Amino acid sequence: MPLARQRLLAWLRRRPEARAWSLVGPGVLFLVVFFLLPLLIMAAYSVMSRGEYGGVERGLTLESYRRFFVPIYLTILGRTFGVSLVCTAICLVLGYPVAYAIARSGRWKNPLLFLVVLPFWTSFLVRTFAMIFLLRDTGLVNTWLLRLGVIREPLTMLYTPFSVMVGLVYGYLPFMILPIYASLEKLDGSLLEAAEVLGARPAARFRQVTLPLSLPGVVAGSLLVFIPALGSFLTTDLLGGAKEMMIGNLVQNQFAAARNWPFGSAASFILMVLVLAAVLVYLRIRDRRPMAAA
Amino acid sequence: MTGLDRREFVRRAAALGLSLPAATALLAACRPVRHDPALDDPGRALGPLERELAIYIWSDYVAPDTIPDFEKEFGVAVTMDFYDSNEEMLAKLQAGARGYDIVVPSTYIVEVLVATGLALPLHRQYLTNWGNLSPIFLDHAFDPGNRYTMPWMWGVTGIAYRRDRIPDPPASWEIFLDPRYRGKMTQADDERDVIGAWLRYRGHSLNATDPAQLEAAKRDAIHAKQNLKAYISAPVKGQLITGDVWAAQIWNGDAEQARMEQPQVGFVLPQEGSTIWLDSLVMARGARHPRAAHEFMNYVLRPPVAAAVSTATGYGTPNREALGLIEHPVQYPSGEELARLEYQRDLGRDTATWDQLWTEIKAS
Amino acid sequence: MGRSLPRWLVALVAAVYAFLHLPILVLVAFSFNASKFSVEWTGFSLEWYRRLLERDDILRGLRASLVVGLLATVIATLLGTLLALGLARHRFRGRRALEALLYVPIVTPEIVAGISLLIFYVLIGLPLGLATITIAHVAFCISFVVVVVLARLEGMDESLEEAALILGADEITTFWRVTVPQLWPGILSAALLAFTMSFDDFVITSLVAGPGSSTLPLVVYSMVRRNIEPSINAISTLILLVTTLLIYLADRYGRQRARS
């Protein structure tokens, strides 16, 4: 065994590129086979004609893509981007302090971290119905506000943009907290102490020590909230009363009631291309900046 | 490259390509579900009773002892998997999923299944209890002669309402246009149900494809949307019970469930007419246990079994022999009611038009 | 490091935790509710816990979810961590393209991912079952794992590893003894995220599950049309209890080991 290990190491040392690819290889292979290849099938579908009963039939056409560029669908896309942006901002404001607090909690770190994800090991639907119970006109929040005399009439909280945002923020908060925690956790107490000793006030300490260190986590968290939020549809249906359409609902409908797979695929690919273009731009900017000194 | 390098290289390549041999092994091991052409001929005899049965069905659509009793009597192990919408089941089958013996589609989905070859004809010679079914639910346009479908449960869509909040029973779809109840009403989150209701309101068929009729229905639907609290389907039951919702477009079975918990809930079939729906048992393409499937279908045609299912689910049974065995049976629609009830049919290419309309309604 | 956190921060954090757990308290409360509709409190009852024992479908669903969840989490975390290391530490051709490509699974709507995978499985003749679900879960989790681990890796000090190498440790020892422990909070966060996504996934799972392989979310979602029986609340409560217990025990065990 040690002999094989030596040989493996010797071979790896001789080929730096092999080292990279041996790390990256298995994951990439898995993704290529079980995600990208299937996606290519959908890409093919997006340029085919809609079958009479669903599915696709022969005949290449760009009709599905052309069909998307009308005000109604573009508005849906735009609104979805807006909603996701707001959700990401709120998650950042709420999630950063939590991640920071957990990172600074010493021996309570792990339990606190688990407590963040624990609610999500229950069923999404039951959680959402619990939120409905809290927010509806005769629900818990209204009942208590009325009883305490804070309000005279029940507040309409459910089936509004407010309840949709509550649901979205709730669902994506861990996606913001966990990456920020991961990058903040290496925050060394001694660094902060040193800064304090050298005369920096709390705000400056935060700005110049903590924040730069957590930036990778902030970016990661923002991407992991913003991007999947674009595709969400259940929250709009359940907490928004299905009165609006986000792009996720549109795509879902195409594969369900509308039985228009090409259009559903086309809409998805338009969304994907937009997002990937933005990600590429971000990566280019990031790589051009010099690495922040540790 | 020395010999040593090559061996290491091969080993590394083999390690990286672990998924490939595994996939090959899996492929070799798996049995592709081949379609048995004998199943296409309803006259041919089926083989002996198999030991397993796979059912793909709506949740809570059988009585608690239906399956266990069947398993005991016939020695068949049954697996039940659930879907929550026709379209989900259809999409899955159309994408190629096989292995389910029985699926339970609604009317218009049956047409799609048959047209795309996903439904197999019934071998009626094994369904000896067929005569228990009421002719009201047989031989409809979506499956003439019941070549493929065995009626399972039926229901109607109507308006459930709170008697203590809305003193006059809402006799018409018009109630959703009434600003007095603004914010207290819901329509189903289903394009067929919503657009269909507004088509009926103007006296048209709920399977209409005429652009002018559809435009009018769309306008009415958008007008009503201002008064709606939300689009919710069956789960609105809870809010009818608590009084958050005063009028809801839902199925009679769900209204009945709400009424059992809250006696003030009433149900009305609008005078302009509405949907009558029928869910059927269908044998799916790729069924591996056709004999067991038929024995199950015949088993649930027995009046006591059908009665138990109807009592447990709250929906109507098309089995007229079972009616006498149910305490509070869902009565069959009268001739007068049947005249204003319509089955939903598949819309073919016009599905795209309806979907466009629905998107416009939702985006308004 | 004994600095305590400012009061306003603690209050805000407590509020966020309360926000996260309030629906859970409601969920737990309704598991003891007499009515089968979870809309109003009508009385105390243990009926739904008793009913759980009869609901084979729920119990089987739970087992499927756990098997798939654990398997998928382990595989996704492993592959994803290695991927992140390769991306962060090495410059190679196609690196930026690869990193961008990683966002494809994150942006793909679930229904598209699910249907495409189903078609793919049918094409290669793979029978649907727990294996196909696991593969699908790994496929959409890897990217999330990579992003989280990368966040940890970026700016992580390489000097410790360099020191180890200079002191004579080989790459593999350095990896296990220096890199992984440093990376651990990132790996743990990524694994928690992956498991959470897998355990609660519905859309993709419903499309790639085969006969007899329904996971817990599939059982629950199918109930929406009828009524979500509080037995689901009961099993969710039990899951919470067991998990909390495990966390507590793990915490105790960890601290005991640290002491010895």
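Order of writing sets the labels: A, B and C. Residues in every chain begin at 1.
In the analysis below, a contact is a pair of C-beta atoms (placed from the backbone, for glycine too) under 8 Å apart; a residue touches a chain by one contact, two chains touch by 3 or more.
Note that the structure is predicted; figures quoted are calculated from it, not measured.
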Legend entry - Required steps from chain B to chain C (each step between touching chains, minimum): 1
Inset, instruction - Please indicate which chain is farthest from chain A, where distance is taken between mean Cα coordinates of the chains. - result: B
Legend entry - Interface with more contacting C-beta pairs, comparing A-C to A-B: A-C
Legend entry - Distance between the centres, which are taken as Cα means, of chain B and chain A, whole angstrom: 33
Inset, instruction - Please compute the C-alpha centroid of chain A, do the same for chain C, then give the distance between them in whole Å. - result: 14
Legend entry - Numbers and ranges of chain B residues touching at least 2 other chains: 23, 85, 88, 91, 95, 235, 238-239, 242
Inset, instruction - Check each residue of chain C and list the ones that touch at least two other chains. - result: 38-39, 115, 119, 123, 221, 224
Legend entry - Contacts with 2+ other chains: residues of chain A: 22, 26, 30, 129, 255
Legend entry - Residue ranges of chain C in contact with chain A within the complex: 1, 3, 5-6, 9-10, 12-13, 16-17, 19-24, 26-27, 30, 38-39, 79-80, 82-83, 85-87, 89-93, 96, 98-113, 115-117, 119-120, 123, 135-136, 138-140, 142-144, 146-152, 154-157, 170-172, 182, 185-186, 188-190, 192-193, 195-196, 199-200, 202, 216-217, 220-221, 224, 228, 232-233, 236, 239-240, 243-244, 247-248, 250-251, 254-255
Legend entry - For the chain B and chain A complex, residues of the former touching the latter: 4-5, 8-9, 12, 16-19, 23, 85, 87-88, 90-91, 94-95, 112, 115-116, 183, 186, 189-192, 225, 228-232, 235, 238-239, 242-244, 346, 348-349, 351-352, 354-355, 358-360, 362-363
Inset, instruction - Within their complex, state which residues of chain A touch chain B. - result: 7-8, 11, 18, 22, 25-26, 29-30, 33, 50, 52-55, 72-73, 75-76, 129, 136-138, 156, 158-159, 237, 240-245, 249-250, 253-260
Legend entry - Residues of chain A defined as touching chain C within the complex: 5, 9, 12-13, 16-17, 19-24, 26-28, 30-31, 34-39, 41-42, 94-95, 97-98, 100-101, 104, 106-107, 109-111, 113-127, 129-131, 133-134, 140, 170, 173-175, 178-183, 185-186, 189-190, 192-193, 202, 213, 216-217, 219-221, 223-224, 227-228, 230-231, 233, 247-248, 251-252, 255, 261, 264-265, 268, 271-272, 275-276, 279-280, 283-284, 287, 291-292, 294
Legend entry - Residues of chain C that touch chain B when the two form their complex: 35, 37-40, 54, 57, 115, 118-119, 121-128, 131, 206-207, 209-214, 218-219, 221-227
